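The chains carry the letters A, B and C, assigned in the order they are written, with residues numbered from 1 in each.
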C-alpha cells in the first residue's frame, strides 16, 4: 500500500481534471475492472452543479529581478485549488490579498481551495509570506478552468446476494498523504482481499470519487439502488498514520455499519475514538444526509480536523507508514469477516445440547473444569433467533473472531441454523 | 403584572364566594372576553360534590374587656378557610382547640382550611397564641356557608387548527402573593401576548379555577374535548419570586409539554429544578390523574411546599416582584414561541444543499472556516422527518431560538418543508 | 425445614438410583400428592439420552495389611459419582491416577462425578492423598451401573386460572447441605404455604428433579404446556446459609419472574447480589435455553460456585441453619404474595377520588398534613392501567407489601378495578 502512496503522491489532483484521471489509472493497473465514469460540467446533481474542469501546469511568484520566490513545482499546494489563470505584475499589497497562510503553523503551507467562486491565489508558509518585502511581484498561474468532466471510478464485485457492502474513498487532494492517499491505497488492497474470498455473501461496491461533489454526483445516479441494497458502508479516509483508530458514527448510531465497526474496535483497539455524526466532515456527510440516510460510517486513524498536520504540507509521506496502513487493513478485514459471518443464529434443539458426547465439553465434573467450554455454552443460550452474531458478541463480551469457530462447530454438528 | 397583584391582594378569596368573583371581574377589565361560569352547590363532579358557597364579612377575638385581640380586618388568614359562623364566649381551653399555628415559624400566621368538614377556627402566629392568657374570650365569625355556586373563568382564543395549548391557574387563596396572585397575573399577561401574535397555529385555552374542586369541575364538563385537543398545557403557580425556576413533570415525563419546557429551561436557566410527578401539588394532580392523563406540567419559580413562606402570611407582596413575574413571562413566551414553530421538518432535496451559492456558507475552504455555518449544516442533516424542532435542538444542543431563523432561511429557499 | 435436611443428609443420592427415590419418599411423607415418575434408561430426551441407573452400597481403599484408609461409610463423597464397580489390588501410581482432590482446599473432600464417561475413582482430601505412601492398595467400589430409570417428582396445585407459577429444585447430590438439601427443604415448606392460601389465582407446579438431565427430561415431556402457562418460575438452590441473598436473572432480565424477585429483594434485602444469566449454573440453564425460554430465575443465598464450601465435604449441616432456611422462606412467600396480588389496576373515576369523605385523607388542610395519605394518592395516579403492581411499586419506591392494603381499601370503595 505504501508504494502505491509514494507513486501517487507527486500528482496534483483536484475534484476534476487530469490529476484525478492519472491517479485512478494507476490504481486501475491493479484492478482494471474498475469502471471509469465521466460526467460533463454543468450537469445538475441534486442541489449542486458540476463545475468546470480545472487543470494546472504551473504557477510561480517572481520578484522583479526575475528570481523565483514561490514555485508550484516545489509543492503543488502553493496554488489555491481551482485558481483561475493569471499572469501579471502586481503590487505587494495586492499580492498579499491573494496569499493564504496558516499563521499558527508558520512553517507549513496550508491547503486552500475555492471551487465555487472564481479567485486566484497562492498558499505559503507564514515564514515565506514574511519575506515578501518588495514593492511588486510578477505572478503567474498557468491553469485552465473550462467545461470538461468530473471523473469517478466504481467497482462492483457480485456476491451470493444483492445485499451490498459499500466502500467509498476520495482522490481529489494534491500532494497530501494521510488525508488523501491513505484512503485510496487501503481501498485498493481491500478490493484484492474481497476478490480473494472463497465465497461472498454480500455484493461489494467500491467507489473512488472526488469529495462532496463526487459523492453527490454518485448518489444522484445511484440513490435508489444504494438505499435498497446497502446494508453497511464505510468512508475510508486518514487511515495511514500510526496513531489511534477512530470512527464517525451514523446519525442515530444504530446501523449495522456502526455495530460492526464498534464491535471490532471495542475488542481489538479499546482505546479508539468514537465520534458522533456531529463530527462528520467527509463523504459520510452526504451518505448520511436527510433524504439519503445510508448506513455509512467513516473509518479513520487520526480523524480529519483532529490532527495538526491536517490540510497542510506537513501531511506528507512521512506522516503515514506501511504499519499504519496495515493496521487499518486489519481492522477493515475483520469488519468484512464479521459481516460475512453475521446472521441470526438459532439452535435446532431445545435445552442445552450435550456437548460432552461430541468432545466439546469436559466429561468429568469438578469445580474449575467448567470455564473452558463456557463460551460455547453461552453461545448456545443466546443463539435463540433474537440476536445476530454481533449482538451475541456484545452480550457475551467475546470477540466475533472467537465466536466464528464456535458457530462453525455447532453448525457441523447440525445443532445450529442461520436465518 | 405587579400592579394587578397589588390590586387583588386585599381580597379574601376562597374556592367559592364573592372574593373569587370580585377577583375574576378585576381580571376581566383587561380581558372582558373571559367567560364566567357558575356551577351550583351540590353538583356532582366525578367523585366529588361542589360544596356550599362560603362568604365572610369579618371575624374577631375579644377579651372580656371588649378589647380586640385578633381581627380578620388586619389579615384575612386569621379565620380558618370555610369556617362556620360563631358568636359566643368560650373558655380559653376551648378557644385553643380551635386555634391553628405553625410553631416552627412562630411569627407567621399559617393558612389553614377545612373545606369538606364543618369547623370553626382561627389562625394566628405562635406569638399571638402565647398571649391568650385570659380565662375566657368572646369569639365571632361572621360567615355564611350556604347553597350557592362555584365560579370559574375560561377564555378560548382560536388558532389555525383546533389543536390546543392549555393554561390553568387558580384564584382561590386569600391574601397571599406568590402562591396565589402570581399565577393569575402571569396568565393575564400571557393572554395579551397570545392575542398579539400575528398568527396562531394553536387554539389557546386559559382557565381560572379554584384549586382542586375547580379543576375537577372543569374536567367533568370538558374532559373529552381536552383529551382530544390539548397537545401541551401548563399550570401556572408561584411564578412571582426571584428565586430559581422549577417544573413539575407529567407522570411519564414524555409529553410535548415536558419536552418544550425542559428544553427552554435547559438552555436558558440550566440551574432550574426538575421535579417528578411525585412532587405535584396543584392542579396538575387532576390533569395528570388516572383517567384524565393530559400532557400538563406545572411551571413555578419556587415551587409550592418548597419555600419557607409557603401558605403563611409571609407570602405577601414583598415576596414577589415585577422582575420575578417578568422572568416567568419570558420563559412562558419562549415556550409558546417554541411550540408555535415546532413541527417535523424535512429537507426537500437529498444530500446537503449547496449553501455556498446562496451566501449561507463560506466560499473559501480552509481549516477553521467551517464553524460559522455548521449549525445550519447540522440542522439540514437532522431535518429528515424523524425529529421535531425540539428534538433537533436537543440533539444539536442548540437553543430553539437559534434554530428558528435557520429554519426560516431554509424555508425561504424552498429547501425545507414541514409535515 | 432443618429437621428434614438432617434426615435427608446421610443418604447417597445421584442423578438416578435408590438414593433419589428414598429422599423423595421422605418428602412425600409430608406431601403424598407429589407424583413420582420413572423414565427408562436409554430414553432420548432432546439432544440427550437417559444414562444407566447407578446404585452404590460401599467402597474403600485398604492397604495390603487390610487396614481401611478411605471408606464410603465415613463420607459418601469419597466415591466418584457414577463410578463403575472395581475390586482389585492396584499400584500406588495407578491408584493416584484415579484419585481426585481439591489441592487449594487441602482439608476438604471434593465432590466429583463422571456421569457420561465410564470411570472409577475416589475423592479425598489433599491430606489424605499425601498419606498414600504404600506401593500398592486394594480398592473396592461396590456399585452397579445398569439399565434402570431416572426418577422425578411433580406436584400441581390448581388455582383459579391455568396460568402457572413454577418451582424447581434438585435432589441428586450426596451428603451436601446447602447445595442440595436446602432447596428441596424450602420447596417442601413452600408447598405447605401454597396449600394454606385461602385462594390461589395461579396454578402452582413444583418439581423435584435430578439436575440437568432431570430438567431436560421434564422439559422434553412438558415443554409446550410450560411455555403456554408459566408466568414466572424459580429454581431453588443453596438457600440455607446465613449469608447474602442472590438471584440469577433470566437471559434478558425482563420477565415477571425477574421483576418480582428483584422488587422483593430490593426493598427488603437491598444488599442482595444480582447475577446475570452469564452466571447461571443450575437448572435455569435449561429453563432459559434457546428454544425453551421460560421466565425462570434462580434464587439462592450464597450462589453455587461463589462460596468456598461449594461442592466439597465442608458443605455440611453446619453450613446451613434454621434461620437461613427461614429467611429464604420469607423471601419466597413475599414473592408469591406479590404475584398473587399483581395485576394491572385502573381507577374507576377520572381525577383524584375524594379520599377525605371516606376517612382516607385528613379533612384539615395545613402544611405538613399531606404526607400520611400521600402513598394512597400516588397509587391512584399510577393506577391508570399502564402499570402492574410491581411497576407501581418500582415507580413509587414503596414496597408491594405496603401497597396491597391500599389497593384493597380502594377496591372496597369501588374506586379501583383490576384488568
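Here is the rule we go by: contacts are C-beta pairs under 8 Å (C-beta built on N, C-alpha and C of every residue); 3 or more make two chains touch, one makes a residue touch a chain.
This one's a predicted model, so the numbers in the text were calculated from it and none came from an experiment.
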Query raised in the report: Suppose you hop from chain A to any chain it touches, then on again the same way; how many hops at least until you reach chain C?
Result: 1
Query raised in the report: Over half shared or under half: which fits the residue numbers at the contact of copies chain B and chain C, same or different?
Result: different
Report task. Rotation angle, chain A onto chain B: superpose the C-alpha atoms of these two copies and give the value as a multiple of 5 degrees. Result -> 120
Query raised in the report: When the centre of a chain is set as the mean of its C-alpha atoms, what distance in Å lies between chain B and chain C?
Result: 55
Query raised in the report: Among the residues of chain A, which are close enough to touch at least two other chains?
Result: none
Query raised in the report: Along chain A, where are the residues that touch chain C in the complex?
Result: 346-347, 349-354, 356-357, 363-367, 370, 377-378, 380-385, 396, 415
Query raised in the report: So in the complex, which bits of chain C are touching chain A?
Result: 46-48, 81, 100, 102, 110-117, 119, 212, 215-216, 219-220, 223, 251, 277-278, 281, 285-286, 288-293, 305, 310-312
